[in-house]
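Below you'll find the structure I mean.
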């Protein structure tokens, strides 16, 4: 992703995946007894696009939505963050939703998916803005997308290949969801896709449990790069920060300590900021710093989206946030 | 439904149908821009059971729900009204939902159904509390239920026959929903079911548009009774009130004037109150008065359910409600 | 209440009575199912003081409250309107409350009182700011206060006599509450008090049902004045406006048409504005206009209190309110 | 409580006590300034019944409520959890309430009781469902109930004796409330009741301060069992967990670490789960584990009630809750 | 605005003006006592752009905003509707706000402007996206903009001339605001601008009170067209609908009857829809129908923005909206 | 401030400064995306007056407000705490506001001031209640006030001199705000004012960064007292508590540990309580204890104001707050 290459692109980043409506009781109320729900748009790949846009990238989210108030609700909220939405509006299929209960130890945060038969599950490559994909600096999707339907598994493979063939850097987050498929199915499908992926992001836990990798985070990164020829491998490690392997060099970045308000979307915020800064020409260590800082800020914000400014992220990178600014 | 017959029954009324979660923006907000949704349980047949229970009947709602916080949310709310819930908890299928936008002229109130693949659509007779059905004074369902799946069409037919065979009065509300099926499909399916129905309730509009009836409301009632052998036919006429044909006599009851807060569930409130009073031994004109009064009160109450007391209904029947009671 | 007399007083108006916490479900929700309640301070006599203060009078509310967060909640809200609160803080007795459901025809607005054993019911004259009463231009209470306890019946009699003896104009609103006592008890108690009352306000309905008056509103006013020697009698007639008898002249004032948001406190707003303008030296017809205009505005405002400015009232009196002012 | 005995019972658990309406400002707002209150049903013995029902017991709550929207509000919410409510509806007496301010150190959580003259205080044995009590595996009440009135002190004694005579296991939680009575009064009354109690639950602090016990928790348990002949004594110790003495054996169970959202009802959740599992035939150590796990979950849930499922409790017992389940 | 001309444009409509944050108490609460405010973006010219975009036009809003969370809040919300925002981000000047109290007769809806020293007041032509203006089919602003500062008066004149010189149709809504300037000042300034305006929209009241026109609505339109050479003059007449003069022909369109939820933005919705349909090539009578239908729908929607779809508007035009669609 | 002196005063404390409307998103929502704002009155000097009033002082807040619903909103809320408000109502100038986002590490709490051209900025001494200032035991303002305008700088100097000349103790909190002025400007202005100040309160950080003091907190206090002749110097040190120099003795008081709900207003709560107790005749160490306890309680309460009672503060001073009081 050199500067010259970027200048040739009309768009910085295109992402593709399902965006759901997220329905959550206020505070720590339970779904079983709550009288109200908060409503937000939420999806791994649009979360990435939002974070990237807010960190300075020109981002496009392309996908399929039902032509209904629910589908429009998704597009309305995504556009508010400044993304371009390239949507195939469908008369078939549902708007996927998920219900979220915020936990408090020992009660875990609980996600109830209601995404079966979503309109997005029938997306074929021609439903997407392939011109944007071809013209972009980078294209991103995650392991959630191929888990949603056989059609999507095939579409993801096609679009990754289309992107790579056009010179667009392809980036992929493993993002394993145990409520969608088994580790074995995920491993089989994902490793098939990896040949068309340039930049892989994976949680260390997913690398172990799904990709069956062993050893240290660095050994995991090196093993994945060796086996699949990735240009860059990023291993995210929760409180232990993130590690990236690029040009045979390993870069580590600690996590920023946070008071967590809403943990959902942390990884997506990391990826979006990392990609935005890489596309803008920053080196890997710098991009990691932006990624971890954006991820930390995300955890302080309700909702899936990283509602941040580049200045705020840089202030965390510069580690000088004061308690009250007035 | 003579008094003697009633004394032999352990339950007054069993209803069967889908109960959804209803998600509605507050006030007149639009789905496309709202940040919050109000959450309530809602379904024609459970609405009927709630109204009947509140008017003095012992009511049971039997159906299938997903074994999830969403399904439990439905049962939790229904039980709060004092019903017994006889639920087949399912590991398969969704919890149906519907999104409701309150209108204001010229913007119509809008319902967006999201009920495909609901757990209830696979309900077979053995999933239901057939013992309750057999022991009840009356069994009720509506035209929505057979519209939801082929399985349900067959189940409704079976359960109506089971009920009738056991001496349980069968009651049925046409309840046509244009978003579920065409008038032609509805007519074909419903008229097949009518041989097992004792008491038919139909909106005058549905009788014309779906059942292809013509003439006055009385002519509609007489025609339906003649063709299908109903013991009782009730034709609801919106602002024009309701008309019932029973024992060859026609009884009319005007509607009660209302300031409408939430129109959803009006017809179900009417049916529930009408059935409760009939089961309690009241004559048809009295039951119509309770039905129209309960329907009017329902329109003043947010949500599908008629959250009323028998005393309140009787005070409307007695037409002496004061503006402020203190 | 001539100008000279007023100049001699340190306070314009002192009112005495119970102020409750008012708990009401939002919108048209029912108490039986609501998850939240709106909380406000509410009481006939403090409502009068608030309206009077906002129309230009210096008002004091004197009463007894429990020394608890609930009692302090009442005082906090009353003070916010600019009143002085002269409170006997009590370690005994409850904070009275009332629960309010907003109705919509045919469902009446419903008040559930929970005011038994309130701290105020043990109020003796020495608990009150009698110096303020003696120094005020006018002292006001209503028929609710003696209905609350025998102690209060005696205290009201004492304080009215104390006021009158000190040259303070005594004003009294019949304010019959059927949930507190029977018409017969009310009539017996109130007519005993009337000898110490200078200005009587009564709803026409109360005059008929409680005071057993007959004939036209004017005949009612003249009969009351003749029998009890009132300086002024005001008969409020709902949509028909108000009528006052003063110096043997009858003055009528039509009601202002309103879209009602919250009807509670309408009469108190009328009385407060009427008294404020009388105390300020306006003649009876002018005070009636302020009273009816303030009452109309009150009906557009949630809560018991008339949150208005004198300019707004005058703009209604001048009948030139525009739909949107910008 | 052997398995054989249980099979003979129609109900698992009957509880008796006052259930109040709980009114609390949102978040950390203060009563003195809040504009809204959250409304929930709350009472030690119904809390116990809810927890027991959710852990698998068939529970009945029997008590007296005022026949008003407020009383119905209580029954409506209790029924939502699946309990049976056996209520004596009264035309006399108030609905008890309590106001709750959530604290944050150094500001303590503050409870303002407003429960004087509640309808429940006049409850006589014949108001209750004594048949249910006699047919149940266990009957439970707490030290709050006899503290509320002399009538209730006598009623509690009668019902405990009735239960014990019928072979129903009697269980009792000391539950000392300093705002209701002195330690001396409590000790005198409670020790009189203990002869009819089979299973005693007490906080270690109450055992010391009210029951005047000394020594270690085990010594307290042994002393109480020796003096009063309890079949089982459970001593709850807050962060230190719980200890039970049964069949001369002492069983200890540590507390589960929690992030506390709402501490009210913790002890009741413990008791309800403990009893449900004992009634189901589990041994004491297992019941203690369910009790401490349910208590920990309760602390993460707003309101008095333990809105949990048996699966959730077992997942805490199995100590494998993950941060986010998706 | 012929079809050929439109095809040559990259953008359909550019609007310029101030967009404020609108702060309004919920329901009918008063500013003086409310504890919460609803927050929305609001401004005549962005309202027009939103309505136009939703009716099918590609709209751009260009203006100046402060580089602060408040300015970003405005852009965020505008973008959600699908507009492009071309913003000059300023380090100087405030974010304008307005406070809105919803009225109910006789209490008028009240607007409190707090827009002095807004960043927008220093906008110079070069701050705006003049390229978009030149490339657009139409450019729109209103009489509010030149009222805000001398700089803006000059900027509006410049931009209208720039647009007209580039062949962009210029459209202008008189939009008189008595809280910003006197009728005399407005008349002097606006008539100076009219030479660069092609399409004038004016409320009949403004034409009389500000532009000093007399006679019937048609006479007003003809007089304005004659004096200023407008291509089109539209006179809006509230409940009486709208009238347009174009190509010497007069077209009238009645208003659609509405239940008003929020009247703010009605005129802007009319203008946006009228322009969108004109730009799309519809004739004036058709555009008037879309305008009046969109205006009617706007009145049913909280906030300044017409959150509608083209299908909804067409359903009102086709006059077949049903009460509930399900 | 001896007891004798106090008895001669009609008011205990007069404070002067700007009070703003504070607008904050609920929970941790961001301004950029929130749909609602919480509204409260907030200003350093009125915060001090509120805390002082609640700790037993008779406090007056004197200032200028715009004669609008916004200005009245401020006065309404301040009066609710029992203060007297002596307000110059102005037809010119804005109501200052500030927008507050609650942070969570690493996201700082963020304040966006919108206070330019506030009505208060033109306040001249004659706008204030100078009689109250002269008759009070103490007069208080802070370094924010002279930072707001040149007029205010001059007015503050005049009023401090007027107070001191009348024998009123003058108290001053440095309260540096980096968003209002530079440290250098602040130092120059403030040190000019110090000759008329008797009691100085400063954060240790402000003493270093603004007043250019070095050394330990004690050295700072002694240096300030030596250079400016203060009767008392209080240095607040956040988590490290507070230190006071008085009569050449140094008193230290540790901070009370808190769970922080809202940190804004902590320092003002400290000052208000400290002054109230000093005015009441308590010695400096006692006043420091009340100050630190009130500051700690403030941090647990949403909003700028210390909504506490003297009993609560004393219970913290006595260090015996229990977790739940019931």
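Going by the order they are written in, the chains are A, B, C, D, E and F; count residues from 1 in each one.
In this section, contacts are C-beta pairs under 8 Å (C-beta built on N, C-alpha and C of every residue); 3 or more make two chains touch, one makes a residue touch a chain.
Fair warning: this is a prediction, and the values are worked out from it, not measured in the lab.
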*Looking at where chain D touches chain F, is over half of the residue numbers used by both copies, so same, or under half, so different?*
different
*If you line up contacts by residue number, which pair in C-F, A-B or B-E shares over half of them with B-C? Let me know.*
B-E
*From the C-alpha centre of chain A to that of chain F, how far is it in Å?*
46
*asked:* Suppose each chain is reduced to the average of its Cα coordinates; what separation in Å results between chain A and chain C?
replied: 62
*Of all residues in chain A, which are in touch with two or more distinct other chains?*
27, 30, 32-33, 35-36, 72, 76, 80, 110
*For chain D, which residues count as touching chain B in their complex?*
72, 75-77, 79-82, 309
_Residues of chain A defined as touching chain D within the complex_ = 27-30, 32-33, 98, 103-111, 113, 177-179, 263-264
*chain F to chain E touching residues, read off their complex*: 23, 30-40, 68-70, 72-73, 76, 94-95, 97, 99, 101, 110, 112, 114, 116-117
*Where on chain E does chain B make contact in their complex?*
27, 80, 256-262, 293, 296-297, 299-303, 305, 307, 312, 316, 321-326
